[in-house]
Amino acid sequence: GKTLDSIKSRGQVICGVNTGLAGFGAADSAGKWTGLDVDVCRAVAAAVLGDAEKVKYVPLNAQQRFTALQSGEVDVLSRNTTFTLTRDASLGLNLTAVTYYDGQGFMVPVKSKIKSATQLKGQTVCVQSGTTTEKNLTDYSKAKGLGIKPVVFEQLEAAENAYFTGRCIAYTTDASGLASTRNKVAKVPADHIILPELISKEPLGPMVRRGDDEWYAIVKWVIYGLLEAEEYGVTQANVDSLKTSSTDPVVKRILGTSEDTGKLLGLDKEWMARAIKATGNYGEIFERNVGPKSALGLPRGVNNQWNKGGLMYAYPVR
Amino acid sequence: MTSTTFQPIAPRPAPVNSEGPLAWIKSNLLADWKTSLGTFVIGGLLLWLLPQAIHWALISASWSPHYEVCHAEGVGACWGVISEKYRIILFGRYPYEEQWRPLIATILLTGLLVVSCMRSFWKAWLPLLWLAVLAVFFALMYGKVFGLTQVDTDRWGGLPLTILLSSLSLVLCFPIALLVALGRRSKLPAIRSFCTIYVELIRGVPLISVLFMASFMFPLFMPQGTQIDVLVRVLVGITLFAAAYMAEVIRGGLQAIPKGQVEAAATLGLSYWQTQRMIVLPQALAMVVPGIMNNFISTFKDTSLVTIVSLYELTGALKLGVNSDANWRPYIIEGYFFIALIYFVFCFSMSRYSRWVEKQVNKSKLR
Amino acid sequence: MAETNTTSPIITFDKVNKWYGNNFHVLRDIDLSVAKGERIVICGPSGSGKSTLIRCINRLEEHQQGHLIVDGVELTDDIKAIDQVRKEVGMVFQQFNLFPHLTVLENLTLSPMWVGKIPKKEAEEKAMVQLKRVRIAEQAHKYPLQLSGGQQQRVAIARALCLKPKIMLFDEPTSALDPEMIKEVLDVMIAMASEGITMLCVTHEMGFAKAVADRVIFMDQGQIVEQNNPHDFFNNPQSERSKDFLSKILGH
Amino acid sequence: MAETNTTSPIITFDKVNKWYGNNFHVLRDIDLSVAKGERIVICGPSGSGKSTLIRCINRLEEHQQGHLIVDGVELTDDIKAIDQVRKEVGMVFQQFNLFPHLTVLENLTLSPMWVGKIPKKEAEEKAMVQLKRVRIAEQAHKYPLQLSGGQQQRVAIARALCLKPKIMLFDEPTSALDPEMIKEVLDVMIAMASEGITMLCVTHEMGFAKAVADRVIFMDQGQIVEQNNPHDFFNNPQSERSKDFLSKILGH
Amino acid sequence: MSSDTPPSHHHWSWRSQAFRGIVYQVLAVVAIVAVVWFLAHNTLVNMRVRGIQSGFDFLSQAAGFDIGESLYPFDSEQPYWQAFLVGVTNTLRVAIVGIILSTVLGTLLGIGRFSRNALVRGVCLSYVEAFRNIPVLLQLLMWYVILTEVLPSADVAWQVGDFFLSKGGLNYPIPVWAAGQLWAAFGLLAGVALVLLYRRWAKRQFEATGQLRSAFWVPVLILVACSLAGWALGGAPTELNRPVKGDFAIENGGALTPEFLAVLIGLTLYTASFIAEVVRGGIASVPRGQGEAASALGLSQQQEMRLVMLPQALRVIIPPLTNQYLNLTKNSSLAVAIGYPDVVSIANTALNQTGRAVECISLVMLVYLITSLGTSLLMGWYNSRAAIKER
C-alpha cells in the first residue's frame, strides 16, 4: 500500500510514542527511546526495512495523538492507547493487536491509610485529561456513589506533580502507568501504594490509519509474530541457530525458512526473523521493559500467554 | 517720558537652594503628614519583608548541587537545582555532548538582535546579515553539515528555542504586518475588509487556541501525506498571531503621518509605492519603534505557551528536567525564579531600549 | 521711565528674577508697577519671557528672587495667598484651554460653584451675563470644540470674567485665530478695556495696542527694554532693539 | 471684470463643480482662465473653497463636473495625464509638509532622482541652485525640524522649484509663521514673481497682493465673487461681500 | 448653478485609478477564496478518506466526565453542550473577578506613580516592571506551585477562625440559606435605593446652596445600616455552614480551589501591572494647559483632579483598558496548564473523547470571539457616548 511505499522510499518508520512514560515509551538523556511500545515500533521497522534503528519517534501528548495519525504525520501510533468502540468507529483509525492488557487503578500515599477505592468518597483525584481514564473515573464514581472530584491536567507530568505535592489524595491512571510513575517519579516508592481495585479494562496497542489495509496487516502480524515466537520458544538469542536447526513447521514458517509468509504481506521472507533478532519475542520485550526484574516490576499476570493462564493469544502465522 | 537705551543684563546662575539629600528626603518623603504616613507604612513593610526575602534567597540559601543539603533544617532557597539542572533548563533535550552548538547559536542570534537594535546598523545589508546568521543557526542546530551530527527538531529546546521562535516570528510577521496595515488603510473595500477580518479574528482569540490549531488541526488542512515539522507549524501559528498585533501597531504609525506628507509626495509626482516606501513607512515605522518593541516583548513572553503543545522551550525544559526527578521536584520554584530572571533580563532590557528610542524620536522632533 | 502713578499700584514687581532649571535666566531684574485700571500691552520677540512674566502674576510660574505683590498680597509659597490672588486675577490663554468635556455654560459655572460656593442657578445667571457680554449667549449649551476658534476664545474670556477679577491677563489671545476671528475677539477686548478693569496683554496686534493701551512694554532676553505710551513707542522707539523689531512686524 | 487675455491660457476652468461627499457643494460653476506668467492672488473667507480650487489644479482633489485643462492636458481619471500635469505644477503648503526624516537637500533631490531619473550628483547641484535662490544654501544638510518656520517654508518653495514647474501654487504660505518670519518668505516670493513664472497664491497678505498680483480673485461659498486688478479691488470693491470682508481684514 | 448632488461617472480604461482598483480587488478575492477552498477541500477529503466523523451532533450526547469545579451542579450524564457551558461560566468567573480586582489594584498603582512620596513611586514602578516582564504562564505556574507546595496539607491546614488555608485551597464558612438572608438582601436593595435618593438630594443641595455633602461615608453607612436592619428583621439568623477538618481534606463550607486561586492571583497581578501603565498614561495625556486653566480658576488640587483631569483622562484610558480586559479574558485560557476547568480545558477533554478536533477548537474560538466582539461593541458604544463633542 501507499504507506509501505512511502516508508520504503523515506527509509524510516515514523512512530508516534508517549512524551515520557517509563517502561512504555520514554527517551533517556541521550535521546535513546526505550519501552514496550517503542520495541513494537522497532520490530516493525526491522521487519519492513531490515533495520530496527530506522525509526523516527514523534512524542505525542494525549490531545495530539489521534490527529497526528489521522493526518499521516505518523505511520503508526504506539502510545499506550486504549482500544474502544468510539475510537475504532469514529476516528478513522484501525486497532491492530493488543500489546498490553491493562486496567485503571488508583495510587494513594501510604500515610493516608486508605486501603480501598471505596474510601475515596468526596475526595479529589488527579487525572490527565483527554484519556479514557477521565471517563472511567466518572463512571466508577457514579456507579459507587463516591462523588469523586477530579482535578484534570493537560499534561502527564502536571498531573503526577499535583499528586506528589499533595494537591490530590489519589492519582489515577492505568495500573501500568501507576507502577511506572511510582517507581520512576516518586521520591520513595514505598510511600505510595496502588489500590487493589481495577476499575476498567484497558487493552493497549498500536493503531494505524484506515484506508491502507496492507499496512494494517503488517503491523498486526508483526505483533502476532512476536507473540507466536514466544509461544514457540524463538528468542533473540536462538533465532539465528533455529533458522537452520529447527524442525518445527511453525517455527520454520515464522522464520521464513519453509514458506514465504512475508510475500503475502508485501515483505520478504526474513521479515519476522529480523524483527525477533532486533527486539526479542514478546516475552523478552515484556521482561526487559516492564517485567518483574525491570525497574517497573510489573507481574506478567494477564499478559502471559494463553497457555500459561494469560490473555495473549496470537492468531497463527500460517 | 524718557527712555533708556538697551543695557543687556548678563544672565546669572540660579541662586542655590537647599539641594542635597536632606532636602530631597524632606520634599519627597516627609513633605506633609500624609506623605510621612505613607513613608512609614511602606517603609516599615519593606523593612520587614526585604530582610526575610534576602535571607531566604541569599544568606541561608544552598548553592550546592546536592539535594541532601537542601533537606537540612533552616536552609532557604535551594539554588542547587539550578547548578544541577541548568544544562537541561537551558538546552532542553539537546544531546548533552553537543550542547556547545546551541550555546554558540544562541549567542549568535542574541548578538544579532542586539546589533539590530542599534541605529548605526540600520543598513541595507542588515536583512542579509539576518539571513546569514539564521542559516548558521540552523546549520549549527540541525547539523548534517560540516560533519556535525544531525539533531532533529524535536530535541531542540530551552533558551535557543525560545529565542528562535520569538526572533523568527518577529522577522517573518513583519512583511505580513506591513501589507495588512497598508491594506487596512486601502481605499479598496474588498482588500480593506479582508485585512480587517483577519486582524479582528486573530485578536479575538487566545494564542493557545491558535497553537492548538497549528499543532492538532493543521495536518488535517494539508493534502494527505504532507509532513510539516511541528516546530514549523507552531512558528507559523505564532507568526500569524503576532502579525495581526503588529499590523495594528504599524497602522497606528501610518495614521499618525499627516495627510500633508502624502499630498506633498503626490505633488512631487511620486507613485503610490514610492510614496509608501520613501515617505510614509520610514516615518511611520520610526514613530512606532516603541510599539514594535512592546510587541516583540509580548511575543517573546508568549513563546512560553508552546510548552502547552509539548515543545520544550525554557518553561517546558524546566518542567522536563525537574518534574521527573523526585529529589529536586520540591525545588521547582527556584527553577521558576531562575527562568523568570532570564525572561526579566531580556524583557526589561528591551523595554529600556524602547524607552530610549522613544526619547531619541522625541528629541529629533525638537530643534 | 514714565510710570502712571496716579493711584497706588495693584501689581508691583520688585527686582523679580526667575530661572528655568539652574541655568536659564528667563526673567532678569524685572521692575514694574501697574496702576489700577491700567491697560498694558507687552510685546517682544519670541522667547523673550513675555508669557513667563504674566504667568508669574497668578503664580502659574514661581519666581525665585525679588518681590511680587498683587493686590496687596505678596506671592510666596503660601497656598492661602496664592488662592486669594487667583480669585482676583483672570487669565486667557493663547490655546484657550477650555475644558472640552464640559459645555460652555459648565465651563463658566465650574469655578463659581466649586470655589465660590454659589448656587448653580445664580452661577448660571451670572455666566449668561458674561456670555452676552462677549456676544455668544446662544452657544451656551454647546461644547467648546463645536465652536470656532474666535468663539472659543471669547468663551475663555467670559470664563475668566466670571471670577469678577480685578486684573485680566491675556497671553497672545488672538495668535491662534484666523484673520476674521481675530477681529471678533479684539472687539470684545476693546469693549472690556473701556470698563476700567486692569489688563495686561501679550500681543502683536499693533492695532489693538494703539487703540486701547495706556502703556506698551517691550521685552527682550528676559528684560524690560523699553516702555512708553503707544504713540511714542510706535513712532519713536528709543532703543535699537525695538526699532529693529518694529520694522519687522510692521514692515509687510 | 478685467481678464488678462494677452496670451493663450495655461490653466482653464470651464464650469468646474466639485462636491465633498454627496451633499457639500464646495466649488460651484468655476470659470477661470489663467494666462502664462500671470500672478493671481486668491482671497476670501475661511471655508470658501480657495484651497480646494487650487488643489484641483494638480489633482489633489478631483472635480466631478466641468473641464479643467492645465498646460494643454485635461485632468480626468487618467493616471498618465495626472502625472504629466504634476510635473508642471509646483505646490507650497501652509504647513510646509517637508519630509522630516530627510535632510533639506534630500527633500529637494527626492523627486528629481526618483521621478525625473537624473543622477544624484546633478540633482544635488540643481538643488543647491534653488537653495541659493531662497537664500538658505548653508542649511542644506540640516533636518527640516531644525530650521525656523520661515526657513522651512523657503525650503518648501525651493523643493517645488526643483521640479522646474511652469506653475506654482501657494496655499496660505505664510499663515503658519511668526510675524518676523513672514517677511523672509514674502521677500522670496516677490523675487520669484519677477521671474515670470505663473503663480496662484491663496493669501491674506494684502501687502503682497498689492506688490505682485496681476489679478485678485475673491471667493465666497464656492464661487468666484469678484476678480479685478489689486488696485481696483482694494480701493473699490464691487460686491457687498468683498467690501465686508476687506473691512474686516484691513480693519485691525 | 448646477444640481446639488455630484454626478457619478467612470472611465473604463486601464489608465484609470478606479478600474485598476477593481482589478486588484478581484485578484485578491480570487486568491483568498482559492486558499480557503484549498484548505477546506483538503480537510473534507482527509476526513472522508479516513472515515473521520464530523459535525456538532456530539454536543447533545452525554458528556460522560465530571468537572472538578463548577458554579452550579453538573453531572456526567448531562450533554456536552452543558459541559461547555460550565467551562464558559468558569472562564467568566475568573475573568470577571480578575477584571474587578486588577482594575482596583492597577488604578492604585497607576495613581501611585504620581505620588509625592518617593517610596510609593518606587514601589509602584518596581511592581510594574517586575510583573510586566515575566510571562503570565510562568507566573501562573509559579503561583500554583507556591499554593500547592508551600501551603500545608489539609490535616495541618492554617486556620483563622472558620477559615482554612491548605493545599485544598481556601475554605470559608457560608451562611446557611434562611429567610433572614433574604431579608438582609432586601435591606441591601433598599439601601442602594436610599443611597441613590441621597445622592440626588446631595446634588440638588449642592446646586441650590453650593454646600457639598459627604459622597462616600454617608452612603456606606446607609448601606450597612439597611442590610443590618433587614437581617435583624429576618430574625438575625446566625447559622453558618462551617468547614471542618475531615480525614483527608477540609469538608463543608465554601471553597476556592488552588487552581482557581492561582489563576486569579496570577492574572490579576499580571494585568494590574499593565492597567497601572494605562492609568498613568491617561493622566499624563491630559494637556498641561488644562491643569493650568484649572489653577488659574482657583480650583484646588483635588478639585482639579476630580473635575478636570480625571474626566478627560478617562476617555484616553477606556480603550486600552478594554484591551487589557480582553487580554485578561483571553489569558484565562492558560488555566488549562494548571488544571482549572475553563472552557479550553473542557473543550480539550471533549476533543479527546469525541475526536472532533475541528469542531471543539472552533467552539473555543467562537466563545472568545463573541466575548471580544461583545466587549468591543459595548466599549465602542460607550466611547461614542462619552466622546468629546466636536464640530
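A, B, C, D and E are the chain letters, set down in written order, and residue numbers restart from 1 in every chain.
By our rule, a residue touches a chain if its C-beta (ideal position, glycine included) is under 8 Å from a C-beta of that chain, and two chains touch if they have at least 3 such contacts.
What you are looking at is a predicted structure, and each value in this text was computed from that prediction instead of being measured.
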Review point. Which neighbours do subunit A and subunit B have in common?
Key: E
Point to revise | Chain hops separating subunit E from subunit C, counting only touching neighbours | key: 1
Point to revise | Most remote chain, CA-based centroid, reference being subunit C | key: A
Practice item. Work out per-chain C-alpha centres and flag the one nearest the whole-protein C-alpha centre. Key: B
Revision key, fill the gap. Of all chain pairs, the one with the most contacts is B-E
**Study point:** Copy-to-copy rotation for subunit C and subunit D - C-alpha atoms, rounded to a multiple of 5°
**Key:** 175
Review point. Measuring from the mean C-alpha position of subunit C to the mean C-alpha position of subunit D, what distance in angstrom results?
Key: 37
Check your understanding: Centre to centre, by mean C-alpha position, how many angstrom separate subunit B and subunit D?
Key -> 48
Review point. What whole-Å value do you get for the distance between subunit A and subunit E if each is reduced to the mean of its CA atoms?
Key: 44
Check your understanding: Distance-wise, how many Å sit between the C-alpha centres of subunit A and subunit C, to the nearest whole number?
Key -> 90
Study note, to complete from the structure: Each of the following residues of subunit E touches two or more other chains, namely 46-47, 49, 145, 149, 336-337, 348, 351, 357
Review point. Hey, what residues on subunit D touch two or more of the other chains?
Key: none
Check your understanding: By residue number and range, which residues of subunit B touch two or more other chains?
Key -> 212, 216-217, 220, 222, 224, 308, 330
Study note, to complete from the structure: One finds touching chains in the pairs A-B, A-E, B-C, B-D, B-E, C-D, C-E, D-E
**Study point:** subunit C residues within the subunit B interface of the complex
**Key:** 1-2, 17, 19, 21-25, 28-29, 64-65, 220-223, 225-229, 232, 238-242
Point to revise | Sites on subunit D touched by subunit B in the complex | key: 58, 60, 83, 86-87, 89-91, 93, 95, 97-101, 110-111, 114-115, 143, 145-147, 159-160, 163
Revision key, fill the gap. Subunit E partner, complex, touching residues on subunit D are 15, 17-19, 22-23, 25, 28-29, 64-65, 76-80
Review point. Can you list the residues on subunit E that touch subunit D in the complex?
Key: 1-2, 4-7, 9-11, 13, 15-18
Revision key, fill the gap. In the complex, the residues of subunit B that touch subunit A are 88, 93, 95-96, 152, 154-155, 212, 215-217, 219-220, 222, 224-227, 308-310, 319-320, 323-324, 326-327, 329-330
